[in-house]
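Each of the next two complexes has chain A plus one more chain, namely chain B in the first and chain C in the second.
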Partner chain A sequence: MQAHAPESAFTRTTNPLVTGGSVVALKYAGGVLVATDTLASYGSLARFENVCRMSTVGMNHDVLLAAGGDYSDYQQMLKMIDIRATQEFALDDGAALSASEMHHWLTRILYQRRSKMDPLWNQIVIAGFRDGQVYLGTSDLYGTMYTEDIIATGLGAHMALPLLRKGWRADMSEAEARKLLEDCMRVLFYRDTRASANINIGKVDASGCTVSAPIKLETFWEHPEFVRGGGHLGNGSW
Partner chain B sequence: MFRNQYDTDCITWSPAGRIHQIEYAMEAVKQGSAAIGLRSNAFALVATLKRSSSELSSYQKKIFKIDDNMGIGIAGLVADARVIAKYMRTECINHRYVYDAPMQVGRLVVQVADKSQIGTQQVGRRPYGVGLLVVGSDGTGPHLFETQPSGQYFEYKAMAIGARSQAGRTYLEKHFEEFPELGLDDLIKHALLALRETLSTGQELTAANVAVGYCGLQGGFTILEDETIAPYVDAVKGTPGGPPMEEAAPEEAPPAEAPAEGAMDTE
Partner chain C sequence: MSSIGTGYDQSTTTFSPDGRVFQVEYATKAVDISSTAVGIRCKDGVVMCVEKPKLSKMLVEGTNRRIMTVDKHSGICISGMIADARQIVNYGRREATGYLDFSGSPIPGSVLASRISMMMHTYTLYWTVRPFGASVLIASYAEEGPQLYSVDPSGVSYRYFATAIGKGKNGAKSQLEKLDLTTLTAREAVIEAAKVIYSQHDPSKEKPIELEISWVCDESNKMHQLVPPALHAEAEAAAKAYREAMDDD
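== the complex of A and B ==
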């Protein structure tokens, strides 16, 4: 398409360049945990191995935003949120966007951009805690949004979500939730070629919103099935 | 009327440092019948005194719902108030579309004030001839604001605007310290008593000429008028105080009640 466009023609982002992979998140008793790996790929090349794909945002940094998809679009989104937070700080009236309000606002932006045929190429996950209520929601580049107890984007929607459905309970402790989340990220690292074993875990609870330093997942490659491979199945599968 | 060569538009200063057109607009607010606003820790409330132009006409509505969490009471030109109310409603509904949450009352008041100010500084425009008491509640609790034609705005614990509102303010100044802890019924009672202070000689509160709008912490702006305000009006009837009755001495300098012939009606 672009090859036929005249030199002066306005062109749009029709495909993402540097991309992040899955975001996996779940609620537990009293909070939310969100995980992303630290890889930003350039096509299939593992180009940037130590980037963070989640951030505390908003005037009080009490909302967690994590993103997959185009990394530069995610950075632009952070910039827009920062401008909005500065305006809100200047108003100085004691009010600040909640996670829910932030989620709806970003979704309107995502939808507006997709309607201009110039989408922000991201899947985002937003988590927050206010007035004793935990918030966890997600939106995609089309402006589709929903809230859920468990969320996985990208390839994680296919491979982590079944694991979350099996392992998740509303009354999970933080330690249990962390274990389940790490298991999901480990499986994604084993099976998703665009994933890495270095992950950030973000936590939102009554005490606030934090993003951990990167941690390296323990992996074990000597499983008999890994060693034997899947060739004997005759369908190319593992 | 008192005219001078500096009062034909808003963009001409008088040598005394005044902008007469703005002051005339503020005068329109004083000609409108009173509106009383007050708030507690749980409610924000506005009460208005309505006028009817004749025995045959209905009473002019002076309280407008803006959104589930917000409403206004007005004094001055109703036509101008309706323009502002429409703007406020549009802003609120847009805010709900974008954020799925009600608007901060104070932030909308700032927008209204900014909009009002534009009319005081541009060629070919005029200030709004109406003052608002904006009541509502949001994440930071119940609020009461006043906006003026000049573009000024203030937040209050209790306030009165419109004709003879000084008497209403005097009542509020005497009682405002007890407002924060009061329940809705007591707040309404105080609002009606403050409103009663603004009545002219021989006039009295009735279910027809009083309306109250209130908003609680959970939102739900509600207007009480006619049969729904009647029990409250009856309840304050025996309370001492109020306007001078027939036998009482008339006010020392009765304000010019009737506007000049051909002037627009203010409510």
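== the complex of A and C ==
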């Protein structure tokens, strides 16, 4: 990339280095659940196996931010949010950014950075709960943003979204939502070569915002098709 | 002020023949006619308390802040010209943010105090600017433990166990000397600080005042913030009772 750039132009880091994979999230009756795995890859190498890709942020830690893409850019984003939260705390006027406000602000930064050809290389998911309202939104490194009842980024947008569309209902209980989310993460672990079976689940509801300790997904590898493989089909399948 | 003017008081860039910089002394005077503020460093935190004259009955309560938060763990209490002091607070906030961003750890009280005092000192060196007409107390509770600093318009800073600035500073300091700061807790210091302020305020001669009290201590989770309303009310009531007992004697 660098080599082809004209000498007069300057290029910045437009490739991610250490990356996280998919983020999957869904609303249920009274809250939001968000899942990320704990892997940060260096290219295709499973370099860091126990990192957390989601965090409670904001002055009152009532907003959940989860990210895929470049891990150091995600850390930088957390730093920017913390500086702003400290400013809010110092002003001491009782105001604190809501999830929706945080989402809009971060998206402005993402868009500004991509317009400078210096993107924050992330797909982010933001969840919150305020005034009885659940919030769930996402943005990408181009500054595209939207809110939805179900969200999946990265390879999850291809593999988890169809499962979520099939299984999701607005009146799901937390247990049902958790089951669906874990199924999505399991499928991603089976099929995404940059995913891991260790996942964090973040929860946002009326009582606040929490990130669970990592849990290990149950997996089953003895399916005949897994054992036999697909090579005999002669269609390029594994 | 013993030897006023005689032509050497127009600028900070000229010493008087007896070795003084009058503009800096005048700036200090601006603090010495302003509201009294006290700071107490105790074993588990720092407490700051300042009086605010009730300028009008129509003034919104709690407006015109004199204690401001700089970083999560540090705050500044001001005496003197408020507009001048607000620039000091803003500078402190920038320095605190920059330090955290660069080093990854919260700014120590010593660094914050020295950065602020260096900045204030530069305002005593050039004829294009005037010194700050304000002194500040700096409270900090980071890795080094609870610390209290005071910075004057001259740019001098000292670290204290307890100190006072403003018009009642001399009386307040002698009151503070009576406290046992090795055993005092922050919660107790809040009450004592309020009493010290009221001991220097004569209701028969001066306008009524409102108190502003902040702390950064273990009880506040090492966050600098105004004390809870209940504690504030308790301190104010105790201070008023103390003053009445004083006046009855």
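What to note about this one:
Here is the rule we use: the second predicted complex is superposed on the first by the 227 of 238 C-alpha atoms of A that agree within 3 Å, B and C clash if a C-alpha of one lies under 4 Å from a C-alpha of the other, contacts with A are read in each partner's own complex, and residues count from 1 in each chain.
To be clear about the criterion, a contact is a pair of C-beta atoms (placed from the backbone, for glycine too) under 8 Å apart; a residue touches a chain by one contact, two chains touch by 3 or more.
For clarity, every value in this text was computed on a predicted model and none was experimentally measured.
By the document's definition of touching, of the two partners only chain C reaches A:K79; chain B does not.
In the superposition on chain A, A:R108 contacts chain B only, with no contact to chain C.
Of the two partner chains, chain C is the only one touched by A:F89; chain B is not. In the superposed model, A:L97 makes contact with chain B only, not with chain C.
Look at A:Y42: by the touch rule set out above, it reaches neither chain B nor chain C.
Judged by the document's definition of touching, chain A residues 91 lie at the interface with chain B and also at the interface with chain C.
Within the complex formed with chain B, the chain A residues making contact are 91, 93-95, 97-98, 100-101, 104-105, 108. Every residue of chain A that touches chain C in the complex is listed here, in rising order: 79, 83, 86-87, 89-92. Residue ranges of chain C in contact with chain A, taken from their complex: 65, 68-72, 93, 96-97, 100-101, 223, 225-226.
On chain B, the positions that touch chain A within their shared complex are 97-101, 104, 106-107, 110, 138-140.
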